[in-house]
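Two complexes, one shared chain (chain A), two partners (chain B, chain C).
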Partner chain A sequence: MFRTERFQGYAVEFSPFRENKLACATGANFGIVGNGRLWLLGLESNGLIVDRVYDTQDGLFDCAWSENHENQIVASSGDGSVKLYDVTLMDFPIRFWQEHTKEVLSVNWNLVRKDCFVSGSWDNQIKIWNPELPKSMRTFREHTQCIYNTIWSPYSADVFASCSGDQTLITWDTRIPRSSLTIYAHNNEVLACDWNKYRENVIATGSVDRSIKVWDLRRPDKAVLEFSGHQYAVRRVKFSPHSEFILASTSYDMSLKLWDTQKGGAIFDFGQHTEFVFGLDFSLFDPHLLVSCAWDETVRLINY
Partner chain B sequence: MQEPTENNLNSSNKKKTFFDNNSNESIKSTNVEILEQENLFNLFEKYDFYGDLKFKSGLASLIAKNEKYKHINLSEDFNSFLLDKSNTDFILKAKGFYFSKFVQKNFNFEEYEKFKNLSENKHKEVTSLRHKENENSLLNKKSAIEKENKGEENVPLSFQQIADMLAKGETIPGIKQIPNVVNEAEPSNSVLKQHKKPWEK
Partner chain C sequence: MSNRVNQVAGHLAAHHQVGQKHPDDVVIVSALRTPMTRGKRGGFKDTHPEFLLAAVLKATVERTGIDPALIDDIQVGNVLPASGGATQARMAQLYAGFPETSSISTVNRQCSSGLQAVHYIASAIQNGTIDIGIGAGVESMTLSYGPSAMPPSYDDDISAFPAAADCLLPMGITSENVAKKFGVSREKQDSFSALSHKKAANAWKNGWFNEEVIPVTVTQVDKEGNEKKVTVKADDGIRPETTPESLAKLKPAFSKDGFTTAGNASQVSDGAAAVLLMKRSTAKKLNLPILGKFTAFATAGVPPNIMGVGPAYAIPKVLKKVGLNINQVDIYEINEAFASQAVYSVEKLGIDINKVNPKGGAIAMGHPLGATGARQVATLLTELRRTGKKIGVISMCIGSGMGAAAVLEAE
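Presenting the complex of A and B:
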């Protein structure tokens, strides 16, 4: 366990290059008002230690490691800015962009082409960025409410999904200005989505309605699976990089749960956080290691 | 979702249905089990209402009787009525009534709504402060920064304390000013090779 003292965690991500490095995006005062901090953490034999921190004017709500540069990481902020850091350099980002006009809740690095990332904001806009370019490359406007999550397909260089307070999940192809598919996924705000890493057409969503749904994009009229068990809104969902059947979720009910999509139920319940749980990630190198972060100011390593 | 047929629409209009409270036709639920409330709520949410013809015909007659939905031609518009988000509350109430009467008698719709709202309110609590904070952010942040410069020692605040202070228009102490600059030093070069993802192996 590591304490992000005076900062509440929103996102935590393992480095795709180094198995013992991770980053945590946090905000002071619960991300409502005040500074943000990006924590770079090292996983040592005796637990997590802090390698470096970057302070920001406003809270940080998400971060994503570069997939083609081991030292680069992008973080998204409450003031609408998106910042790119070189972890070998102190204090300040090597580039930042101020295009979104409201909180940027999501950044996600392209897993296939690896040369760009996507951001989603409470200004209802989605933007695609190349870290080398001074301006965003594309903007997508179709959601009618705050966007919470934007996630690239693990299979197609141009396809990503987004979810929003407007209750929809939308899939996009960056080569086409309009969306590919809109699913009215829940009867409430959709706060989380992720792609199955082993099944190209399968996406999971999590909502304020407390449920998690699994969708097959080829038959989008009805969810393939629905999990209930969280007592409050589901804030993040992620499919395991190691198994086609394992899905993890975090919730305002302070728990992190693992679900088996084959057997159709919860298989693991982590209850050691004492506040809302926001961030979660699977280690890419250790199939039994998870990390989570929460409003209780802790980052926790979880063996399952 | 099954199409409503002429047949079941007509029959539902002739007969008294389960939505009539004074209906003599009392169908006893055979499956009244003592389940924990939360399980009941989950059962309710998962129940296949549209696969239940009795529910569908009842809902159709309820729509037919409602002044507000006079313009709706049920034989044509039933499915679009069900999909229209503005009818969600109406349909949910009908579902709640039906479920507590015929599926799980110890299901309490009011309690369910409370439970449902709890989750919604929790999320609203988290986001609305942030939304509100944006409206007067410039003002607040400036004064907060001034206060910080006085060098006051500040203790961590709880969520509720922050919410109360913002409601009263008070400034939150301890906010640092971070220069909006880039690090001009030479960025590092990438030397590590990319790993194959577990699903690419």
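Presenting the complex of A and C:
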């Protein structure tokens, strides 16, 4: 366990290049008002240690490691900015973009082409960015409420999904200006979505309605699976990179749960957080290692 | 900054989600009522309210087979009885076979008391105070309606304060105020009222009340003073032959040039109802049937001199809580205190009249003040289930200027 003292965690991500490095995006005062801090953490034999921190004017709500450069990481902020850091350099981002007009709640790096990332904001806009370019490349406007999550397909260089307070999950192809598919996924805000890493048509969503749904994009009229068990809103969902059947979720009910989409039920329940759990990631190198972060100011390594 | 606070608050305020089933949902496993009978003339004219309450509590236990010792608390809505009806309620509970270890209390939010009692029990279950409870309502208007329910005097300063003074207006005058202010014609009120009788008579004919109404055997006294046992099985205020034309002949009851008559106002009645609630997980554990979910509740204040507009404010408020619009509700049970205010509320909100009170309302059945809200739960849930519909809203106006509304979902 590591304590992000005075800062409450929103997102935590393992480096895709080095198994013992991870980053945690946090905000002071629960991200409501005040500074943000991006924590770069090292996983040592005796636990997590701080490698470096970057302080920001406003809270940080998400971060994503570059899939191209092992030292680069992008973080998204409450002031609408998106900042790219080189972890070998102190204090300041190597580039930053100020285009979104409201809180940017999501960033995600393209897994296939690896030369761009996507951001989703409370200004209802999605933007695609190339770290080499001073301005965003594309902007997508169809959501009518806050966008909570934007996630690239692990299969296609151009396809990504977004979810929003407007209760929809939308899939996009960046070569086409309009969305390709809109699913009215829940009867409430959709706070989380993720692609299955093994099945290109499968996406999971999590909602304020406390449920998790698994969708097959070829039959979008009805969820193929629905999990209930969280006592409050589901904040993040992620499919395992190691098994097509394992899905993790975090919730305002302070728990992190693992679900088996084959057998159809919860298989693991982590209850040691004492506040809302926002961030979650699977280690790419150790199939039994998870990390989570929460409003209780802790980053926790979880073996399951 | 406040936006971020509100966003997180919004994520947490999702207890009331429509269309979702969750182990922590507060569900209704039984909703029963006695017949509603005419005050001073009907089936319960010689029956005390505690007997009606005991009857419906007893039936709740018998029909569900639940061990009464498991029922942690009971709230009873009643409006008129002296001392808040608290002692009678406890007597009724013990007589109905509940152990002395059980508890009970009464609640008075005027005409919404029965619904308020259900809501108090639902929230006590939700917040963990109790596991299982009954929200009930009872009124003998035969025994308690009239000046005896009023305090002998009021504070001079407060009575001189206009809004406070308006709280003392007779309900009929507030009905006239609504009709006058918003232009609800006598014709509209009369045809609405005739329809209430027609729908209630039709529902009885088709047996649509059979599930919710329990027979009650009481002692009646005839003119010669002879006592006899009678089993009251049906509402006795419904007049199937009522037409808008026959209602048009009635004289205004509250002001000479007014519109409100004995025919387009709710009847003075006696009756009781009880709703058994618990968490979904508890119902499953006890293997009890789940009739529906108690999804949300709201109250709204309105000017006391037009208190009848209450539903027009309480309904949007409760729907906002669950993120539904007016058209997404399948059935509305809107208490017909007066046709004026019911028609106004329905028209103001743009509710499809065909969705309103499909089994009739208080103009036909009667409005035993404290019982009505709990009675509506039984009437609504059985109709939603019979017709395979899902979402229902209960609402009523409240004397002294309020409205209450609840969202229920049938399962």
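Quick note on the criterion: the second predicted complex is superposed on the first by the 304 of 304 C-alpha atoms of A that agree within 3 Å, B and C clash if a C-alpha of one lies under 4 Å from a C-alpha of the other, contacts with A are read in each partner's own complex, and residues count from 1 in each chain.
The rule is short, and it goes like this: a contact is a pair of C-beta atoms (placed from the backbone, for glycine too) under 8 Å apart; a residue touches a chain by one contact, two chains touch by 3 or more.
Just so we're clear, the structure is a prediction, and the values are computed from it rather than from any experiment.
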{"item": "Room on chain A for both chain B and chain C (clash or fit)", "value": "clash"}
{"item": "Partner chain in contact with A:Glu103 - chain B first, chain C second, else both or neither", "value": "both"}
{"item": "Chain B versus chain C as contact partner of A:Leu133, first or second or both or neither", "value": "neither"}
{"item": "Partner chain in contact with A:Glu67 - chain B first, chain C second, else both or neither", "value": "first"}
{"item": "Touched partner set for A:Tyr252, first chain B, second chain C, both or neither", "value": "both"}
{"item": "Residue contacts on chain A - larger count, chain B or chain C", "value": "B"}
{"item": "First (chain B), second (chain C), both or neither touched by A:Val208", "value": "both"}
{"item": "Chain B versus chain C as contact partner of A:Ile267, first or second or both or neither", "value": "neither"}
{"item": "First, second, both or neither for A:Gly31, with chain B first and chain C second", "value": "both"}
{"item": "Superposition clash, chain B versus chain C, among 22-30, 76-84, 166-174 or 184-192", "value": "22-30"}
{"item": "Touching both chain B and chain C, residues of chain A", "value": "30-33, 78, 103, 122, 146, 187-189, 191, 208-211, 228, 231-233, 252"}
{"item": "Touch list for chain A against partner chain C, complex", "value": "30-33, 78, 103, 122, 146, 187-189, 191, 208-211, 228, 231-233, 235, 252"}
{"item": "Chain A contact footprint on chain C (complex, rising order)", "value": "1, 3-5, 7-8, 10-12, 14, 17-22, 24, 323"}
{"item": "Of all residues in chain A, those that touch chain B in their complex", "value": "6, 16-18, 28-35, 55-57, 67-71, 78, 86-96, 102-103, 111, 114, 122, 146, 154, 167, 184, 187-189, 191, 197-198, 208-211, 226, 228-229, 231-233, 241-242, 252, 276, 284, 287, 295"}
{"item": "Interfacial residue positions of chain B with respect to chain A in the complex", "value": "38, 42, 45-46, 83, 85, 88, 116, 118-120, 122-123, 126-127, 129-131, 133-134, 137, 140-141, 144, 156-157, 159, 162-163, 166, 172, 174-183, 185, 187-188, 190-192, 194-195, 197-199"}
